[in-house]
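Take a look at this one; I'll ask things after.
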Amino acid sequence: MKNITVGVYGGTGYSGWELIQLLLLHPHVELKFITSERKAGKNLADVWPRAPGFPLQSASEVDLKSVDYVFLCLPHTQSAPIATQAKAAGCSVIDLSADLRLNDPADFALWYGVPHAAPDLLPVVYGLSEFYRETIMGAKLVANPGCYATAVLLGLLPLAQAGLLAADVPIIVDAKSGTTGAGRAPKQHLLFSEVSANLTPYKIGRAHPHIGEIEQQLAVSGVGKGCLIFSPHLLPTDRGILASIYAPVQDAQQAAAAIQQAHQFEPMVKVLPQGELASLAHVIRTPYAVLSVTPVPGNMLIIMSAVDNLLKGAASQALQNFNLMAGFPETTALLPPSNIETL
Amino acid sequence: MKNITVGVYGGTGYSGWELIQLLLLHPHVELKFITSERKAGKNLADVWPRAPGFPLQSASEVDLKSVDYVFLCLPHTQSAPIATQAKAAGCSVIDLSADLRLNDPADFALWYGVPHAAPDLLPVVYGLSEFYRETIMGAKLVANPGCYATAVLLGLLPLAQAGLLAADVPIIVDAKSGTTGAGRAPKQHLLFSEVSANLTPYKIGRAHPHIGEIEQQLAVSGVGKGCLIFSPHLLPTDRGILASIYAPVQDAQQAAAAIQQAHQFEPMVKVLPQGELASLAHVIRTPYAVLSVTPVPGNMLIIMSAVDNLLKGAASQALQNFNLMAGFPETTALLPPSNIETL
Amino acid sequence: MKNITVGVYGGTGYSGWELIQLLLLHPHVELKFITSERKAGKNLADVWPRAPGFPLQSASEVDLKSVDYVFLCLPHTQSAPIATQAKAAGCSVIDLSADLRLNDPADFALWYGVPHAAPDLLPVVYGLSEFYRETIMGAKLVANPGCYATAVLLGLLPLAQAGLLAADVPIIVDAKSGTTGAGRAPKQHLLFSEVSANLTPYKIGRAHPHIGEIEQQLAVSGVGKGCLIFSPHLLPTDRGILASIYAPVQDAQQAAAAIQQAHQFEPMVKVLPQGELASLAHVIRTPYAVLSVTPVPGNMLIIMSAVDNLLKGAASQALQNFNLMAGFPETTALLPPSNIETL
Amino acid sequence: MKNITVGVYGGTGYSGWELIQLLLLHPHVELKFITSERKAGKNLADVWPRAPGFPLQSASEVDLKSVDYVFLCLPHTQSAPIATQAKAAGCSVIDLSADLRLNDPADFALWYGVPHAAPDLLPVVYGLSEFYRETIMGAKLVANPGCYATAVLLGLLPLAQAGLLAADVPIIVDAKSGTTGAGRAPKQHLLFSEVSANLTPYKIGRAHPHIGEIEQQLAVSGVGKGCLIFSPHLLPTDRGILASIYAPVQDAQQAAAAIQQAHQFEPMVKVLPQGELASLAHVIRTPYAVLSVTPVPGNMLIIMSAVDNLLKGAASQALQNFNLMAGFPETTALLPPSNIETL
């Protein structure tokens, strides 16, 4: 009954490997190829201690005609050219890089500091499954959101859509991420000896490129660009993102209710009862986002939004989108096939 | 040449042990007693793997007449009664608990949920060495600041004193602490199995009692109470605090300069050049506070303020205060006795 | 199609919770009750951040007649009395405690320092699935092996059975375990502040009670008791066991081959090709044991045996045994229902 | 009063930086230069977050005539040529690399797989301070022992010297090290994402080159080469070594006593009372070695030997040796200048 063939570009990074693990368990997927430029000719089992045997090929070796779908787990700028090829070959594309998230090539140049490699592809459907479900269903090309952006938008988009954010007041997001978010390429600042017992802020204020995609999404509901202060920190843990969001609102209880309502029927998002706070332990190694909402005096809503950066922040969201695009139930291969409430 | 005798109440907690280590190296201190109610009769070496032999006594056994100074490393509510006794016995007192930090007993009841045990002692000099140096010099009773409060006030007080904070806009502090800040008493949520790979917010918004002492200090410079949003998080590391402070200011560059200027001659505070960001690695196991200042558009200054919660946030600041009170150079036993720039 | 009803005693410990998660995904299991003496009246979701709603009951409240099988995740000495009741009520029993592992009550008293609470139950089938598969299939009462014992016996039993261990030479096992192996009850030495950045040996030499069950199993193949030196260490990580086994053998290459041969068709045990070394990363959060075999000069075989202490060392092995006892394929709810090689 | 001038080759690695920190606090040392080939032209403060300003120079730029002593914190094979130059220039040399530890160039080629770069320098005094104190005092060239070798030899040399090791029985050393022992050069297997939650054996059996220097030292007391099985493991922590030594002896109590006696007056080595076990917490960030001795049945002594790999395993031992060579008290700049028992 495996009726969809897929290929994965970039199987040697953390999110690529997470995605492969999910795809191997998907009852209707047949994985045809995995690419890696640096490890082409080797085997997946050489790269990951628990991986099954599977050949790694160069992108130039694989046959796009052999697959219905491709997942691109590539660094930004490398993804867009492959997307172009895949589209031309008739494949559906889910791009986990940043290349297709911004509608305007100028925005890409602004946030990433390099010109866009394939502006003709833009704009592309933004694959935040919970908010663009219907559009994703009909799409051939989907841009999977950034890990931080996923955590932040699940908290802020319901407020923006309901018009509950206070105008012209900065929204402050203090975010923390585990190290897998920074990739598997060896860099000194990512060594255990450097990260252990440390906490490091980076690209704080208005510097991190995920601001671009977050503000683009908020702008759809009329929130002016420039409102977001976003400060990520590198945690001494391997996976998980917690975004501590300080949202100025018109009415904090109403805002809290809006978030709870927005996600109440979402299979992959859980909003905790008021009084409980989201933590990494709620989400790591799961496909869920878990949020908490805490109204504070002065019309402020503190939203804690937790995701696993490699799952809801990357691979499992890609699979949600795939399921939507391919016509499967959205949670296929992500939730147990039963009516058990596992969260 | 040891001419000051001291006693330590509470030698089995993390900050008590840090303090004892510093006192043992102080060239003019003779340590006469260490108390512990639960371990009375045992030895310091039974409690800490690297400790020298030193008897642990019950508070009821020690002779306050035998010492010039006492350091109180006790839980809040247990400290004030001992402070009263010590004062009556003519001892100088440095209290590392929260008991003497708030001037008004009603504030104590508000933030700690219990009545104050010795309101007659209040108000007491607030031992933030950098800002109350002269007053501390003449004091017999000093309240050592809270660990979070130290980190936050080193960043915000210069702005408050210079009148640079924007009025009526919330100041948001997103703080992160290592586990030693939560003490050594066994609790399930502090187990390695629970903390590892996790990040947990707690007492967010307007709930943490350090808000009381921070706002009391800011109020001296006219900053209205109620402005502070303070959200601490428990980190998967053992020590260190990083407070990420989002300060709305009238002019961000001017505010950055005010902080750099305030601390430029401070031996224990370093403000990094703009562009560098403070991290835990700058401060853990040192008596320093390290701050960075990052102006962002919209009249916001992001201050990263890092301290070791057990040192500048507790024991080494207590020793700074002791040195001031006893007439020694402030950095005695904290910095090497040379002109080496060690930071 | 859920045709087996089960109850779990002790759902608030780490292995109980792992087991519950597995049982909830088992297609033929209906979970009827979960007990906890300390949390009776509360809900599973109060105890674990990701747990579904499920009432926690006192053992005295549950109806043993309502279930076909019980799993006992209780401390030693508390398990045997419940096993007696459950047996009397006609239930099949899988005991994860140490109570039923030693055939002779005198051995229990020797290793655990207390008399056995239900000697009439002994001896019980030892649930090391790979070696006692046929006996387990027909058993009503199974003693699930200890976590360390599982790791060690998967390496040593093939050598003992083949008569390849050198006589009268000590076998040295230097074992390392994550903190969940020490339970969830709060103890000072298990705090993050104490375990982090530390490595602690404990009960080294001939002191750890798992020696009893290991030597009992080796003795079946004629290996004399007293040969084992076993030194566990507490690791700064939450889960996983690596047992570094130094086995004096008659021929190291032959011994390596014996281990590879013993496990070549085992679904839950993988022996790595010579030259690769087992690590925790091979096994944590999986139901597998992974072993490596390294012959060294002087007729020594170094076996590295890795298991997740909560899975193959506890919960997933319990489920293997359950599947055998209840007539399901042994890997049901443990391996994906496909022919994918996932390791 | 600074009367000794020194230079450090290799200031950008972990042990170089530890050494620099110690040298800066030494009352009789003037640090004249620090070299780094990759960072020449930059400043020490660019490389370490807490470092003072100090220029980094290429080795080709520095003037060996300007210093009395040089410390070589270089990779093996790079150190010996510099040692040759320094000797020619009349400098005393303390080499922290492996280049000068083995007396026979053929042994170097055997263990390190490359020919020795300066065989004329050999043999060199082996700087295990506790055992070669007198020879070190008169030496111009000292080879600082390896980190693992230090931990192992402090346990085994007393037994070898007393003739208490059983003949022809393997000595098994199961060693564990923090990640700083593997250096600061970025490598994938040293990333936080890979090391965290993992434990990895490597070069087990007869493969690790420290076997060469350990056996060379044991051979001086007649212990035959080839007896040692040495299996290191990479720990998920940043610093510290624990060597778990299984020593077959003729009489375990006598052997335990021999170790206690050998070190009873050593300022930098502490042997714990029987019943206590050495752990990393005893030694990390201290210049001490801490050992425990546990006799077990069957004439086996289990020795746990703990050192900080960067201090007693590298930098502080280098300083001990320097103090001996230069005629200062051995513990200068390592222990507080008082009679306080700090361990």
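Lettered A, B, C and D in written order, each chain numbered from 1.
Here is the rule we go by: contacts are C-beta pairs under 8 Å (C-beta built on N, C-alpha and C of every residue); 3 or more make two chains touch, one makes a residue touch a chain.
None of these values were measured; they are calculated from a predicted model.
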| request: Sort out for me whether B-C or C-D is joined by the greater number of C-beta contact pairs. | output: C-D
| said: Farthest chain from subunit A, going by the mean of C-alpha atoms per chain? | reply: D
| query | How many Å are there between the centre of subunit C and the centre of subunit D, using C-alpha atoms for each centre? | reply | 40
| said: Averaging over Cα atoms per chain, report the distance between subunit B and subunit C in Å. | reply: 46
| remark: Two or more other chains are touched by the subunit C residues 194, 196-197, 236-239, 279, 281
| said: Going by the contact rule set out above, which residues of subunit B touch subunit C in the complex? | reply: 14, 178-180, 184-188, 190-197, 236-238
| message | So in the complex, the part of subunit D that touches subunit C is made up of which residues? | response | 170, 172, 174, 176, 194, 196-202, 204-206, 226, 229, 231, 233, 235-240, 242, 244, 246, 277-281, 284, 294, 296-298, 300, 302, 304
| task | Write out the stretch or stretches of subunit C touching subunit A in their complex. | result | 21, 24-25, 49-50, 52-53, 196-197, 279, 281-282, 285-286, 336, 338, 340-343
